[in-house]
Each structure stands twice: as structure tokens, then as C-alpha cells.
Amino acid sequence: MRTMTINPDSKFSASWDLIVFISSLYVAITVPLSLVFPNLNPIITMIADSIVTIIFGLDILYNLNLSFQVEGKLVKDRKLIVNHYLRHWFLIDILAFIPFGLILKGLPLFQLGRIIKVLRVVRVLKLIRVIKTIQGEVSQRMNPAILRMIVLLFWFLMVAHFISCAWLAINPNVAGNNEGDKYLYAFYWTITTITTIGYGDITPQTRGQVLFVIIIEILGAAMYGLLIGNIANLIVNIDVAKNQFKERLERVNTFLKYRRIPHKVQRKINDYYQYLWETRRGYEETQVLNDLPEPLKMEVSLYLNMDIIKKVPLFKEASKEFIRDIIVNLLPVVYSPDDYIVKAGELGADMFFISKGSVQVLSPNEQMVYATLTQGQFFGEMALLLSVPRTATIKALEYCDLYRLPKDVFTQVLQRYPDFEQTILQLTKEREEANKMIKKKGKKT
Amino acid sequence: MRTMTINPDSKFSASWDLIVFISSLYVAITVPLSLVFPNLNPIITMIADSIVTIIFGLDILYNLNLSFQVEGKLVKDRKLIVNHYLRHWFLIDILAFIPFGLILKGLPLFQLGRIIKVLRVVRVLKLIRVIKTIQGEVSQRMNPAILRMIVLLFWFLMVAHFISCAWLAINPNVAGNNEGDKYLYAFYWTITTITTIGYGDITPQTRGQVLFVIIIEILGAAMYGLLIGNIANLIVNIDVAKNQFKERLERVNTFLKYRRIPHKVQRKINDYYQYLWETRRGYEETQVLNDLPEPLKMEVSLYLNMDIIKKVPLFKEASKEFIRDIIVNLLPVVYSPDDYIVKAGELGADMFFISKGSVQVLSPNEQMVYATLTQGQFFGEMALLLSVPRTATIKALEYCDLYRLPKDVFTQVLQRYPDFEQTILQLTKEREEANKMIKKKGKKT
Amino acid sequence: MRTMTINPDSKFSASWDLIVFISSLYVAITVPLSLVFPNLNPIITMIADSIVTIIFGLDILYNLNLSFQVEGKLVKDRKLIVNHYLRHWFLIDILAFIPFGLILKGLPLFQLGRIIKVLRVVRVLKLIRVIKTIQGEVSQRMNPAILRMIVLLFWFLMVAHFISCAWLAINPNVAGNNEGDKYLYAFYWTITTITTIGYGDITPQTRGQVLFVIIIEILGAAMYGLLIGNIANLIVNIDVAKNQFKERLERVNTFLKYRRIPHKVQRKINDYYQYLWETRRGYEETQVLNDLPEPLKMEVSLYLNMDIIKKVPLFKEASKEFIRDIIVNLLPVVYSPDDYIVKAGELGADMFFISKGSVQVLSPNEQMVYATLTQGQFFGEMALLLSVPRTATIKALEYCDLYRLPKDVFTQVLQRYPDFEQTILQLTKEREEANKMIKKKGKKT
Amino acid sequence: MRTMTINPDSKFSASWDLIVFISSLYVAITVPLSLVFPNLNPIITMIADSIVTIIFGLDILYNLNLSFQVEGKLVKDRKLIVNHYLRHWFLIDILAFIPFGLILKGLPLFQLGRIIKVLRVVRVLKLIRVIKTIQGEVSQRMNPAILRMIVLLFWFLMVAHFISCAWLAINPNVAGNNEGDKYLYAFYWTITTITTIGYGDITPQTRGQVLFVIIIEILGAAMYGLLIGNIANLIVNIDVAKNQFKERLERVNTFLKYRRIPHKVQRKINDYYQYLWETRRGYEETQVLNDLPEPLKMEVSLYLNMDIIKKVPLFKEASKEFIRDIIVNLLPVVYSPDDYIVKAGELGADMFFISKGSVQVLSPNEQMVYATLTQGQFFGEMALLLSVPRTATIKALEYCDLYRLPKDVFTQVLQRYPDFEQTILQLTKEREEANKMIKKKGKKT
């Protein structure tokens, strides 16, 4: 039984939702209109009503077979599905399914008819339910702020349509020769009122109309105000990342200006932030990864650095676990063009991996370029073993994203892997002696 | 004397507040109307006025016996209550109590009458006081943002009512055959103006009316604008949790997109956040608990973990204090489906308790399922005693909320309980020897 | 020369600002009016203009003697003051000082007159300058948000006045029999337009009027919208503290609800937050003090705790510096009613000082109340010297603000004062022996 | 080939942008007008159109040679530039370049003409592109919030212009004798409608007009509302620094008020914040620098402190690297007037450098002023070598920005430079002995 349910993420599901949406929209538009203009195209209306009723009926069957997601798990058990459906949308679906229009057509209802006809309005509820469902599904694939704006605008127009129909019902003397004209003028009055423009060329005349206008003014104008307020807010907040970044940039710039930092340095710092924005919307890797739980953080780190670490000869004999531990502890760091990463003569204490950009390996006097290293290469591995001065100067050629492995982190991780520690200690000893040899030779010459 | 006071949280108190609210509302609606239409239902008005006066009188007695809360303590001392009442609402209550209407009815006041009649307006103040009181009491049981919206709308309608009455007073030629109609048209004008729709079908004619309209336009339209602005803001902020969560999710997603993390991992991370949202609205346990003071934090932690900890055989002989110290130091951690929690062969350093979800205990080659552990169970307790490799792989079957107890935390707590430390050390020795035996056997076979 | 300058914080300064404000307001109101109605009260106008001119002249002298504040220092040097004044407001002051009205009265200016008369408008600039000055001074004594709202409303009304005068100038056919009526109608039209109500009973007729109305519609309505938007925002942000606190409370409550913490504990936690709000608007002492630089932080801490610390017999012989170091390191902590602060039998490691509230000292079985300690008292000082179990249970009777002094902090501070360290070590030894004696006795009995 | 490209930051580039902007603006204004009033100044129009066409053509050539910036690098490679241009703005530029107006003039197009004429509207797109380009360039030199406000207002007026032209096209009976008058009235109607004022003196008459008005009411009024909402928000957020600072200040003040800190201390704390605001907009140096990556942080720190550190005799023989390490570890600290920085008799553990302000060196009894130190001077260097009591009291005379170098930081850095460490140890020994001598002498006398 389990495998027979419908997956809400499937294409079939999406297509069906679209069909039901169009049907509901048709119902929501025509039902109020048919109450005001009862003699509009009786045959077409009947056919369309029948189709819609069938679609709504099939939709109930569809929902009885539709899996749903809860706490990351897809529920496929039929019993749970039925239960879930009955407690949520079933009532609205069944009410919308009843073809009041068709039923009433067949019955001779004199005075009572008008009142019962209004029952058809419950079919409009279906639209609310369909929009909710679609919204839930689309929200993961679309900017939710933009989605919300679209939904708000859609409802604004629907409500304006309902108000127009009500105004037509209450005010039969609306200008216009035919139904179309009358509706146009009613819609014009509605929009003029709820946008608070209020030309005043159409005003209420009878007591009932005055009462109706009061309600529309309070609710309609409030709705419009809220809509505008909401959209204004959405526009402002649509790019939270940018706002936060601008704030941060302004903080730094205010400080630089007040402390009279030279213009050249200010420019360099601004360029750095520009780079940060273009490459990662200003978000720091460390900050983002720390928000993830340990296993996911590791998964992302592994993806980012596995390739480069594997290449390091030093780690050739290391176990998978050791390499994983190293990767999780790498520190991302950004260098601007011409920044010194390593200076010849300094005591080194870090190894570096180039994730992006290129660096130059220079002679201590910076006259000679030994090499240019780029993405996927590394340098300074000697510093993990010995405390010797750097033998070359390394300078960033452009903006570089490096990962830094400090010696103490390396040593700490190493202690958890006694076997590999022995290998490394052996290597260190060999290097140390080689070093001494070089020094001696150096002294001799 | 102390026990005779009324508890403001009691049902009686709530009912009485409702009665006083209805009376005040009746007064606030009828007093301005009766000033404009003096000849409206004299007998009914008199009876209603008398009842209201009695209720307002009883309300003063009620307040003289009403306890009040301050800094977490309920003050029941009569003297303090009276003092508190006199300094707060007494003046308004006594002013609202005076039945100006009834008094004036009995006295022959010719010209002076009109002016004194206006004094009745002070009774309207009672409504402000009642709303304030109810708001204070309801605010703890209701979303304060929604409460504030309701109160704002209520006052908006009340003010519109007052403006309509004033317009009627200043403009006796308002259209309409009877009092009802006249009021309806005045109300229609008010709403049309303060919603800034301004049809212009009713405009001021005399100098006084122009002045009145200027004031209403400035204050009324401003009020409406502020109301809309406030509500728009409330809507935006009604779900702070969701906004913050969306921001956080967007930050992570932007980073993942910019660093080109594989789609599968992105999906997994989004599912994780979805789980975080569904189970705890995105709030991390550690973060929330750290906002509490030590004793409350402990109380919550104890409730969450006491049952599970008590079951651990290792802690059978531990004192209550020791267990409490352990619980407060547990670290919550979430695993996604198929995440490895423990890998066979690794050196273990944590014990785990399952708070929610289920995990599988697998053979090192993951071919055999030894067991499935669920909510309330635990694993890895050996790691607290010995530094031996894990003997089985443990994998999350679904989203799991675990609590982690790191070995160093355990050791640290242990040092504070020398007696239990001895027991544990003894146990460790036994296990170590047992382990050696197993190893030897393993080697032999 | 230095002491002769005027202090901007003096009462004289405040009174003078008020006089200049009233004069400027008079000018700002009458100058545009006199341009539209040239024949209004010529004698009174002349006298008033003369007085204003004198006041404006004196104001220039006043400013040449007015000290000003910069980076926390009051500048009293005349030369600097003059320099500062010339670079800031002098130009506006001198322009406003010139009595265009009086000068023009004396001269026969035919056609040219009208144009030159408009020059009088520059006097209105004085109002801008005066408002700015007063705003700067008042801002420290008043909620800046409320001040800003008042200033915004004031300018809104002033601008409406200017627009009304301009409308009168451009549209001489405004309804109304006399100047007062005409102005009233013009003002009515202005407000109706810029609040976007737009009745449409007064509309532009000539080309110039249409152009004028377009400008007013764009600028005036925008101004009104911005005013409302700004005020709505001010209202929302007027109580930042409350908003942040509500957010925090909601975070905790959401968590408690989702983790199904018992209702009793939830209630207790909410009461705690209520207490935090009532006693300190939700702000934590540690967080606030850490925002201050070291010397100010110490000053506040000393004020809060000096009295209580001095009373401790243990610190009788300590130097002032030692006590200061202790006070700065106290940790504030809040206990709810019935919370255990100390439990008999536990190893103690903290001393406590009661800053607010009262606690009960109970026998280990909680049957007997040994004592009730309140504000200004302390307990647990033995824990600073010896690692012995607590001899009594101590329980909070109501909400208590305590300061905690952990043993390790005490020891650390002690090391910086070798002399006092000796005294304490001596004391410790004595106590230890006394303790042993008690134990022995205990065993014997 | 590389050096022949145009730098987008050059003055030539800025001038050319201005020329293209003016041409686009001319096109955007005249094209819709010429559709409504076809017979307007045919000769002038033709000449202007020709010039604009030439400029638009040259602009395409210009863009084919224009370098562009990406991730901090200026791309100068012609091939990449062309590629980049083709994928971005080329299509709009080429469409705007086609002189539809001139082409159509030459051809006899009867009925078809009207429709084809509308094609000219595509030239208006050029304006969008030009504004975008200028916005991107100006955004770095201007407050982005203000820039955005200006752009919004500009587009608001442009859209109002387009709506006016459309209204003229749809409603030929607009009042007015000539083209200018007709346009004025149309613009007046547009503004009256989209500011939601809606006088109602001009209302739609035909079905087409009603439809047009409905659309304008929805879009135009929404546009206006969003514009106002956006600007209100921009105004509120224009000074993020101030808002955050006010919040912080309020937090402190609320705390001080609730804990009843003496008024004098409250005043002192407020003065401190005032100083913080005036000198650095409330931003803390540490916080700002920590947002920068290591190399940029060092560059700023070096600039701020290099001069002062070099002067210290103690560091005369130190290497450049050592001094750099010291500078990066200095801690900024602010003292208020009359704060004690160092007290005679205390054990010193910090050296201080004065970055701003002045301090007094006083005798232990504060009766004698030994010296006044100001910006660029330092004191307390002895504390880095020996643990001896301070020999003088040092007090801030005004607000002082100092940098503090704690002894332990100094020692830590020293360990990385063994050679210099020897020098310092030697010095310490000498000083110690000198100290002993002084003490002996002191005892003798």
C-alpha cells in the first residue's frame, strides 16, 4: 500500500495543483459575478461549472493519496494521510465540491432562491486553500519575500473584485449600458476608493450604500495601506545581506575617517570589502560553518578542502581520519594584492593552502621570482615540523583565499594518531639533520 | 485582614472587569450622542445611567480590595492596596462615578446647563482606565502584538464615533431625516475624511466648520496613518522568530551557493534547518538556556534529562548531586539521517544519550545491524572510562537529538566527588584488565 | 578674559534661547502674512519689528560670548568662540538681523518694491537656526525620539503656514470676507491637499495655480507621508528595550513550549523575566558594565558594593586596593523564590553578598530556620578559606539579587597582595585546626 | 592592445557618462511628447535627434573599449570586454541607437505609421541603462541611501511624465488652449491622482479612460506609496551609527537609573559616551579592527602607533618585526578627565602610550606636579621589566585615548625574539640592582 501514494514534490503533483488553481480562480471570479448578473451565458456557465465540480471531486481523491512531509520525513502511510487530510483541508474541499449552482438551477426556488444562491460563495474558499498549498510548495524554490508580494497583490485584486460585485449588488444604478460597462464602473469606483484617491464622482446615495461605503472605506483602505506598508517593508528587507554588509562597511569607514587613516589604506580596505561582497556576499566562512552542527560542518569542509590536502606529500601516509581532523581545523584567511603572507627570515608557524588566487615566491631581497603558486597548491609545510626561519618571501599577487594550518593545531591533532605521530617525528629528525648539514655547508662556503 | 483581598488572577476578577468594560463602553458611546441628540429615549437613558452609576460605585469598592503584583510578589496588605489605588486610578474612577446626567436632569439649569452638561464627558475617561487594566491582564495570555492591534482598532472606531458626534454638534444641517440617518451621514463623513479618501460630497460651509475640519484633517488623518503604519509594522514583526530564521537560512544558502557546494549537500543542509524550524523554531537549546540564571537553567536541564541519566548503570551508585552536575554539562547535538555518530576503530571520547530519534548500531563493515536504539537509550559509556577504539559504528536513522557527554567534562565533574571517583577508578581498572584479556584471546585465535 | 563667557548650560542661556525663539517664531509667522496682506496693522507691526530687530542684534552679541562644548571640553577662549561662531551661524544671524521691513517702509520703492520686499523672507531662516540650537541643548534632558516628533510636527505646521500664504498670494479670489477668513480658507485648502484628502471643493483655475498645486502636491504630500512614516517608526522604536526584551522572552517561551517543559517551570521562568523587567528593564548588569571603560566600570561597581564589602570581618585588615579588586570581580546572580543557593553537605566554593531580597538559613533537614538574612548581609565566607562541606542550607525567600565571589577569583586577587595573603593563610590554618577539633568532638559525642 | 582601453574611474569616463545621460534624458522626455503632439518643432527635433543618434553610436564604441572591474581586478583585455558588453547592455544600446524618428520621417507610412512610431519608445530604455551605470559608479563616493533617494525621485518624475503623455493620448479633450497648457493639465491630473489626493475635478469619461485610470490608480498610487515608504525607511536608516549608539546609551542609562547610581557618576558616564560619539561615532577600535583580515589590521595598527613606539628607548635595539608584533597587540583604552591611570604604590603591570589627550604625573600625595605628558609620549615602561610599585600617580587631565601594553603580552612577544630577549633580560638585571641601591639609600637616609 505504501508505494501507491503521490509524492508532493513530483511533476504530476505540480501540474495537478496548477489545474486546481485555475479551476478555483474561475470559480472565485464567476460566482460573485453570477450573483449580480444572473442571466450571464447560462449554457457556458453550466458546462464550466460541471467541469469544475469534477476537478474538485478528483482533487479530494488526489489529497487522500498525497504523502506529506513532517520533521524531515515523508509520511506515506495511507491511514496517517487520510487522518491528516481530514483534520486539515477536507471540510473546505467538500464544501467547494458541492455544485450549488447546478443544484439550484434544477429546483424551482421562488423567494428562498436568492438566499440559498449566496451559498455558492463557499466555493470561493477553495481558492484560499489552493493558494496556501501552492505557497507552501513554491516557497522553497523562490525568494519567499517576492512570493509573498505576489500573493498579496493577487489577493488585493481578488478582494477588489468581490467589493465591485457587492457594490453592483447594492447599487443597481451604476452607470454603464451593459454588464461589462457596469462592472468596469464598479471596479473603477472600488479602486478609486480603496487607494484613498476618492475622486468623488461616484458617491453613495441611499442609507444602505452609505453603510456599505463606510465598511469598505475602513477595511478596503486599511487593506491597501497595509499592502503598501508590507511591500515597502519587503523591498527594504529583500536583501538583508546587502543591508548588513553596508552597515559593516560604514562602521569601518567611519572609524577610518575619524582616525585619519591615509587615503591609500582606506581605499585598500574598501577594495577588500568589495571583494568580500563579490565572492561571498560578505559572509565569513567560519561564521557560517559554525552555525551548522558538527557532521554537516565536516561534510562542507571536506568538500572544500579534500582535494588540496590529499596532494600534500607530508600527509601521504596519514589515515583518512587524520586528514579529516586536519581539514575541519583549517582557518580561512583572505589576503589583498601585494600583502606579504610569509616573510623570509621570520620564524614560520603555519602551513598555507591556496583555495583561490595566486601568490609569488620571492627571494629574500624580493629581486627574484622563484615561482608562482595558484589554486590547489600549498606552501610552508616545513613550519609544521621545525621552527626554522622562512627561506623565501611569499606575496599575494591578487586577492587570495588561503587556508591556514597553524603548527599547534597540527601537533594537537597529531597526538590523537600515535602511529602517524611516529612517522612525523622520524621525518622531523631527518629534516633537522639535513638542515644542520646545509647550515654547516653554508658556513664553510 | 490579609486574606480578604481579591486576587487579580481570579475568575471573579475577570468577570467583574468584563461588566465594568461593558458599562464604560455604554457610557462612552451614549454620552456624546446624548449631548447632540438631547431628546433620545429619556426613560431608558435614565435607567441605564442609574445602573452604570451603581456599577461604577461598586468598582471603587472592588479596587479598594484588589491585590496587585509588584516585582514578582502579590501585595495583599489593605493599607498598601488603598495607597496604591489612590495614587493610580482613584481620581478617574471617582470622576466617572458622579452621575452628571442624573444630577442635571433634576436641576433647572437654563443657560448654564449646556456648559455643565459637557462635564458628563469625563465619564468617558473610565473607558481608558478599563482598557488599560484589561490590557495589562490579558497581555500574558495573548500574543501582545495582536492584542495591541485590537486595542488600536477599537480606539480608532471610538475616536471616529467622537468625531462624528462633534461634527453633528457643529453642523446641524447634516443630511438625513432622523437622528439615525444624521448620525450615519456624520459617521460616513468622518471615515471618508480620516481615511484620506475625501470624496468631497460633504464639505465645511461655515467658518467654524472649516476650523473643525482642519483639526480633524490634521489629527484624524495622522491617526489613521499612524494606525496603518503601526499595524503594518506589527504584521512584519509578528513572527520575529521566523524572520531571524529566514535570515540565518539565507546566510547559509548564499555561502553554499557562492562556494559551489554540491546540490546534494545543500539539500541536506536545508533539510536540517527545516527540522530545526519544525522542532524548535530554529532556537538552539544552549543559546536559550544560557539566557537563564543558573538555578532555572538547572531546573530545565534536569527535567529534560533526569529520566535517561538515571538509567545508566555506570551512575547507579552516584549521588544526586553528581548526576545533577553531569546533566547541567550535557551538550545537545543534532544528527541528520545517515550521519555517522560513532565510527568503529576511532578512539572514542564521548558518551551519547538519545533524546529523540533512533540510531543503528552496525558492525564495523556496516553489513550487520547489531541493534536499533531509540529515545531514552544511550551508548558509548565505555569511552568515559577507557581510551579504546569504538567497537561498532553508529549511524543516525532519522533526525536525532542527542546529548553528548565528553570524557573531559565527566572527569572534571568526577574530581568534585572523591567517593564516587574511587568507585569509577576501580571500575576502570576492572574493565582495562577485562579488555586486555579479550585482546589476548583475540590474538590467540 | 576667559571667565567672562556665557555658559550654554546656565539658566540665563536657557531664558535667552526662549526669548529668541519667540521672536523668531513671530517673524516666521508674520513676514509671509505681511507680504500677502500688506495693510495689516501698520503701527503694531512696526513696533514689533523694531523689538525683534533689537533682540536679534543682542543675540549676535550673546553668541560672540557663548562658550561651546567640543569633545567633552567647554571652550571659553574668546578668539576660538568668535571663530567658531563666524564659521557656523553668524551669516544667518546677520541676515535675520537686517530689518528689511523697516528699511523698506522708509523708502519710496515703486515697482521694484515688491521684489525687494520678498527679501524679508530671509529673516525666517533665523527660526531654523534657533530650533537647531534648542534641539541640541534639550536633547540631553528629553527622550530624543519624542523631541524629534515634536520638532517634526512643528515644522509641518510652519510649512503649512508658508504654503497657505503662497496660495493666498497666487490666488487672490480665495473665499472669505476679510483677511482672517481668507487665511482660514487657504489654510483649509493646504491641509486638505497635503494630507492627501483632496475634497476637490477648491481647485486651481489658472495656469500658475495649476503649476503651484503640482509642486505642493509632490512636495507637501511627500512631506506629510514622510512625517507619518517617521512618527510611525518613532512610535515603534520608542521603547527599544521593551522590544528586545519581548523578543528574548518569546525565544525562551517558544523553546519551553516545544520541549514540553512542565507548566509550573514555564510559569516560574516567566515570573523571573517579569522580575528582570521590573527591576532593570531586562538589562543584565554584566553586559551593561562591560560596555564601560575600566575606570568608569570600577566607579559604578564600587558604588554598588562598597558598603557591603566593608562589613565583612574577613576583609577588615585588607587594603583599599584589595577591596577594590574584589568588588570589580563580583558576579551578579539572580535567584527566584524557593531556589536553593547553598545546600548543606555540598562542597562550597563561593561567598555570597545580598544586594536585594532576603534568604533563609535552614538546618540540613530544612526543619529549622536558623536565621533570615537580608540586604547588605553576606554568607559562605568560610568557602573562600577551606574546602569544607556547607553546614547549612540557604534558600531564597523572594527574588534575590546576590553577588557571588568564587574562591578562585578570591585566590587570584589575593596573590597580588602578599601581605594580606599572609594574614589570610594564617587565618585559614587557625580555622582548619578549629575545624578538626569540632570534627573530633563530633566523633566523640 | 591592453593599454588602449578606457579606465571607468577616469575623468573622461565621467564626462562621457554625463553627456550620454543628458542625451538619454532628452530622448526620454521628448519621445513620448512627440507621439502625443506630432507637429512640435519639426526642424529642431530633427537636428536634436541626429545629434543624439551620433552620441548613442559613439557610446557603443566607447563601451567596446571600456575596462570593467571584477573581484578587485580591472579587466583590460579587449576580448573579455567585448564579451562582457555583449552579454550585458549591448542589446539596449543598439536598440536605442536606431533613429526610428528620422527613419519614419523619410518614409510614407499611412495607417501603419502610428503603430511603428511607437517603436521609438524603445529609445527610452537607454535612460534605464545609463542611470544604472552612473549609479554603480557614484555609489562609492556618495552615501548610498541618499543616492537611492535621488534615483527614486528621478524615476517618480519620469514615470509621472510618461503617464501624463499617455493620458493626453487617451483623452484629447484635456483642458488648455495650446500644447503646453494641455500637458500642464495632464501632469496636474497625474500628480493629483498618484499622490492619492484625487480632487475629482478631472475624471475619466469614456470606457477606455476608466480602464486607464484603474491601472494608473493601482500602479501609480502603489508607486507613490512605495516611494514614500522607502524614503521614510531610508531617512530612519540613514544614520545607522547614531541609532545603534542611542540604543547603547539608553541601555546604560536605564541601568544606571534603576540601580540608583549617583547623579554625578551618571553625568560622567554620559559625558564619556558623548566623547565616544564625537571622536569615533561610538565605534570601538578593537571591534572595528577585528572585522579586518590580519594583514589589513596590521597595516592600520602600524599607521596608528608606529611613530610613538619608535620613540621608546627600551625598543631602540628591537627589530622591525618585534615592534610590529608589539603594535598589533596594543590595547586601546579611554580615560575620562580626573581618572587615575596609575596610582603610586600599586604594583604596575602595564606600559601606556598617549595617542590623544594629556595626563599629569603627580607625587604620591598628589601635591606636586612632576610633569604633564601629551600626545606621542608614554609612561610606565619600567613595569614591563620589574614588578615594583609605581613611583608616581598619573591622572588624566582631559579625555585621553591611551594604548596599554600589558606585561604578559610583552613577555609573550619577547619569547619569539630570543636575541632581543637577551638584551631585555640584561637590562632588567641592571635596573633591579639599581633599584636595590636606591632602596638601600632610601633606608639609610
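Order of writing sets the labels: A, B, C and D. Residues in every chain begin at 1.
We adopt the following convention: a contact is a pair of C-beta atoms (placed from the backbone, for glycine too) under 8 Å apart; a residue touches a chain by one contact, two chains touch by 3 or more.
What you see is a predicted model, and the numbers here were worked out from it, not measured in a lab.
Novice: Compare the CA centroid of chain C with every other chain's and tell me the farthest one.
Specialist: A
Novice: Roughly how far apart in rotation are chain A and chain D when fitted on CA atoms, stated in degrees to the nearest 5?
Specialist: 90
Novice: So chain C and chain D: same face meeting same face, with over half the numbers shared, or different?
Specialist: Homomeric contact, different residues on each side for the most part.
Novice: Could you work out how far the Cα centre of chain C sits from that of chain D, in whole Å?
Specialist: Their C-alpha centroids are separated by 27 Å.
Novice: Taking each chain's centre as the mean position of its Cα atoms, how many Å separate chain A from chain C?
Specialist: So the centre of chain A lies 39 Å away from the centre of chain C.
Novice: Where in chain A do residues touch at least two different other chains?
Specialist: 196-200, 229, 232-233, 279
Novice: Where on chain B does chain D make contact in their complex?
Specialist: Spelled out, the residues of chain B in touch with chain D are 196-200.
Novice: Across the complex, what residues on chain C touch chain D?
Specialist: 70-73, 140, 144, 193, 196-200, 203-204, 207, 210-211, 213-214, 217-218, 221-222, 225-226, 228-230, 232-233, 240-241, 279-281, 283, 285, 288, 291-296, 299-300, 303-304, 321, 416
Novice: For chain A, which residues are in contact with chain D within the complex?
Specialist: Listed in rising order, the residues of chain A that touch chain D are 181, 184-185, 187-188, 191-192, 195-201, 227-229, 231-233, 235-236, 246-248, 250-252, 254-256, 258-259, 261-262, 265, 268-272, 274-275, 278-279, 333-337, 339-340, 343, 346-347, 398-399.
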